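To start, the structure under review is shown below, and the notes come after it.
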């Protein structure tokens, strides 16, 4: 019951890493929205594995097939028809053999043990099953569609790799432009400062060489979001985005605006002064991350998500045998991402775009 | 529509800071649960204002009146009857006069502006209205009830003030005991290390003296939570807790286990090795914060929430006049909390307890 | 968890028949909506007991107290402020003594037995507890507010008593006018045809004389509902209204348009021919009850709800003793409604108005 | 957003009549549940078209392909693994040509007009699109799986065609047995009394001959449902079942137990006397349809759904041209079901089974 979010627009992810297919169901998309499948594919390709020496060697084309919810509109374009949209991504590369030996010895840092407890051994945990990072592909399909719809309303969502280990990228400027987002998206390594990117790549390469892995932080911004979106308390923009972003595998922290750093600031430093600019109320800085009281201010919505280091590492790890009360040493075969954070950049964008679209579709029922 | 959370157990907060009353509706509480109103009052008193030179001078007794959902059981005890429980806290101290001048000049860092946009000027923003920190009192009423119910199932929830500014408390031990939680709860200042507490109090006092405020971090833990609780993806324990904790005013970041620090670790450091201990699978450390794949491991659930500095500060701030396109200087009269984080400690506990109870009541439908 | 409905606008009912108070929480009302408390009281008075020899003698003033969500606007008017609205109705007349003897002998046709099973004896079933018809008063408070908001958008909701036993009122005309609704609402007995009303009153009086009770049917219509409201399948207008109307105590059937009679018609009789009238597409009859595929046609939304006879009757009934495996004869003391259907007329209106407002606030996201 | 129901178990239907495929996503199924695909196919075949001279000639094999949520268990058996289950039914027979001419002239009694309004002409209404009766096939897939799971807990769900036009079947006995359900299911025409069935078949054949159609009523029962299931008010069993059953195309009325007839009874006739039988509390009749106060009594849950006559009829009908303000005469080509009620029998069973499973999985949180 946990693989869906949204109310007016419901987005449901399905599939297991080594099952027949994975995908997403979107119920509540408005009709008449164009989907440019080429642009969508380009977005999906940003997270696709197998392109890069720093990623897993798993080969997947990840071309969505649409079973419902759209009508063809020529030249690689589709039009939504109002009915629920189902997109399927076939699983091509299923090397289940790699995992069979691991069933009784849960991998530290993975959901193997918790899934075993929850589903009493019935879980399909081949390749991580439904918990696999592979399930972020359909989230990207949904988010990629959301991005196209938002874009036509002047809302752009972008992200960059803010840090890997202790190597940090430059932060987004106060008003990141859609062009900046696009420029980052087109880079082979999604950073603002390519020198910082090189340092990050070195850290990742070193981790791989050490049969280890490393974590990172993704920073995401949405510009053009109108003021007044969100609800007080538990349906605020922060609550809604955080709930979805924590659903991305490996995320262990989410912060908005100054975030944890705000706890080390004074009020006079953290409060964003209001000013009139070009007929609009703005703030001279954006420590609030574009959100006050759960509701958008009209400034860019900015947040960061912390990704833990990939739990799959080649070096030996201590674990238990579940069938006997004894310990075990585990070596995880196969080739794994020594870092997931850089591939997670479009995934975080997708999550943010999906939530923002969903909240926009719910309407802003401040008044009727 | 944002002031409710939960599915099987729905918890809805209502009220404005300067309205007739505030309170909470709990729909879905099991019947036959005892509520010790004295223990509940003691819990509510932990966040009550007016007790302490470091807090606002607003005087509120905050004694909940139960209009429904309970039957008296003698000696200050109530028994839930299965019907929705409504608890009202009357607003005694409503100095609305303080705020009338502020209507046209939104306070930086507050929801004044966003509420004005959303509700087109119809919002009741006296004292922060529905966005006031005062609304955390009914959340504590709900959470205090949840804590009592959880306690009878061997689950204890506790928290401490992890930092104020750059003054840091000691972290929780690997297995915090219910007694430790109780000891912290009984302290006038909720820290593990009283020397650290003194440093924090100095920072707060200094901020007040400077007509300023300061932020902090609250760390919360729940022990005794069974393994296997939670769902994959968007209904994981992290998603569920984060959505509610971000609903607490002033929270700008939430992290589980190692959290953002995990992004600076290697996999070999961050993965928690599994071991058998006393017939149970445990981990030798708890970087995961008791959650893998959104599902509990049986280790303590540990998270931290970052609170921004109180936006209400006495010193002059730059803002705008909403009715004319011009700037304004704002001084916020009245006495305000120079830090909310220490009073937020029971609020974070309440949020965690409420979510965990809710998730336990939903059942763990791994198998049927 | 069952006493709430709605998504964008959530309406939650609380209270027990003999508790301190009952009421309703409305989370998601738009701000700036006027509530005329006099008009609201007049609506509530339509279902109030103790006015009429055909009703229970219980005396309740049923004047809602608003604890939150509104600001005074002069002359008995309130303005919603966007925050959740809480209205409390105090329970004045609580003759619990009448019910104490009944605890061990569940009343046939009441929820005594099912509540006892569900809540293991902890339920507060004095006077029917949370299942009491008294809980329809807060539903009327919510619906009365919804009716005022809808009325300002040209939507009128009205109802009449369509039948009692086999005595039938005239049906609504194809286009019932708001004035007709008002005229019925002002009658002491809410029918279109007063002669039919007299026959119904005779049947009710006769049932009372026989220490028995009688059922009836309420027909409700909403005019001015725009075409295109509702969703396919399980969120259609029929599904949404039925779910709430079945929440009214004693309702055992709900039908839209021709309803069950449609099952005895031919397609050529039941299909409503489309015609252009005054620049709008209409149908020449309304067998569909204004709904096709779950979505409104723009014709009046028409439905009927069947109320069973009041289960509380004075004559002896066969039941069981729960504490011993033995039978018992039960006589229910006190004075009860020999029919609930006539008092249920405003309740059905309230349910319909609340659902329609809720669906309108959700928006009609056919396109974006 | 309307094609999903359920909370703990979410069931989402997708697809259009003439799209690539239709299907169902089930999120929240317990793990370790066996699905007998042969039994499931037999159930699906009960609603499949093209078997019978009284049904549409559309040919569909309707064999579900499972993309996720299951693992093979040998001999046509699958085992659920806890992850969301996706079942796809490919659309084989898509004669879209038949419908192209109809775009501008909405078919009376169909959702053509309402979908056109809602989705501003972007809807895919070929063959009824997402509103097609064809979408009941995936509902049957979900319900067929639910029936298998319920059956292992001693709960049997069955239905029969209670009437066609004015030809009525015998009612279910007080305690219908699973064997009776099975016997009806195996009949070519799903009635209890085959003579009544013959009269119904004659009425259907006559309607076809008259280029017309006819409606009917399906009666459904669930036996073995434990007492205490359901919630008060808006989450009662009646509300939950009705919301889903009204989602089945052509349903215009739903009633439980005596239903509308209860409105013509006296309380002494309609109240079901409680008795002890074999150590259990039962009632001597079941006018309540197994539900009091929204909560199950332990008696069979019994309800009826009224189906309108098929709106697609061969004879000429009056409609409008949408593109010009003028009328039109419409003849619907192709071969259509002259009655849908007999094919709807398994669909109603499926809806009931799905809701009951969902409610059982939510737990009965009367006490904790």
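In order of appearance the chains are A, B, C and D, and numbering begins at 1 in each one.
Basically, a contact is a pair of C-beta atoms (placed from the backbone, for glycine too) under 8 Å apart; a residue touches a chain by one contact, two chains touch by 3 or more.
Being a predicted model, the structure only gives us computed values, none of them experimental.
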{"item": "Numbering shared by both copies at the chain D-chain C contact, with half separating same from different", "value": "same"}
{"item": "Remotest chain, chain D as reference, centres from CA atoms", "value": "B"}
{"item": "Inter-centroid spacing, chain D versus chain C (mean Cα positions, whole Å)", "value": "27"}
{"item": "Euclidean distance of C-alpha centroids - chain B vs chain C, Å", "value": "38"}
{"item": "Chain D: positions in contact with at least two other chains", "value": "1-4, 7-9, 13, 28, 31-32, 82-83, 115, 118-120, 122, 130, 232, 365-367"}
{"item": "Chain contact topology (line, ring, star, complete or other)", "value": "complete"}
{"item": "In the complex, chain C residues that touch chain A", "value": "7-9, 28, 30-33, 82-83, 149, 153, 232, 360-363, 365-368"}
{"item": "Residues of chain C defined as touching chain D within the complex", "value": "1-5, 13, 106, 108-111, 113-115, 117-120, 122, 130-131, 135, 163-166, 207, 210, 212-217, 227-228, 230-236, 238-240, 242-244, 246-247, 249, 251-260, 262-276, 279, 281, 283-284, 287-289, 291-298, 306-313, 315, 317-320, 322, 325-327, 341, 364-367"}
{"item": "Interface residues, chain C side, partner chain B - complex", "value": "1-4, 7-10, 12-16, 19-23, 25, 27-28, 31-32, 65-69, 71, 79-86, 88, 115, 118-124, 129-130"}
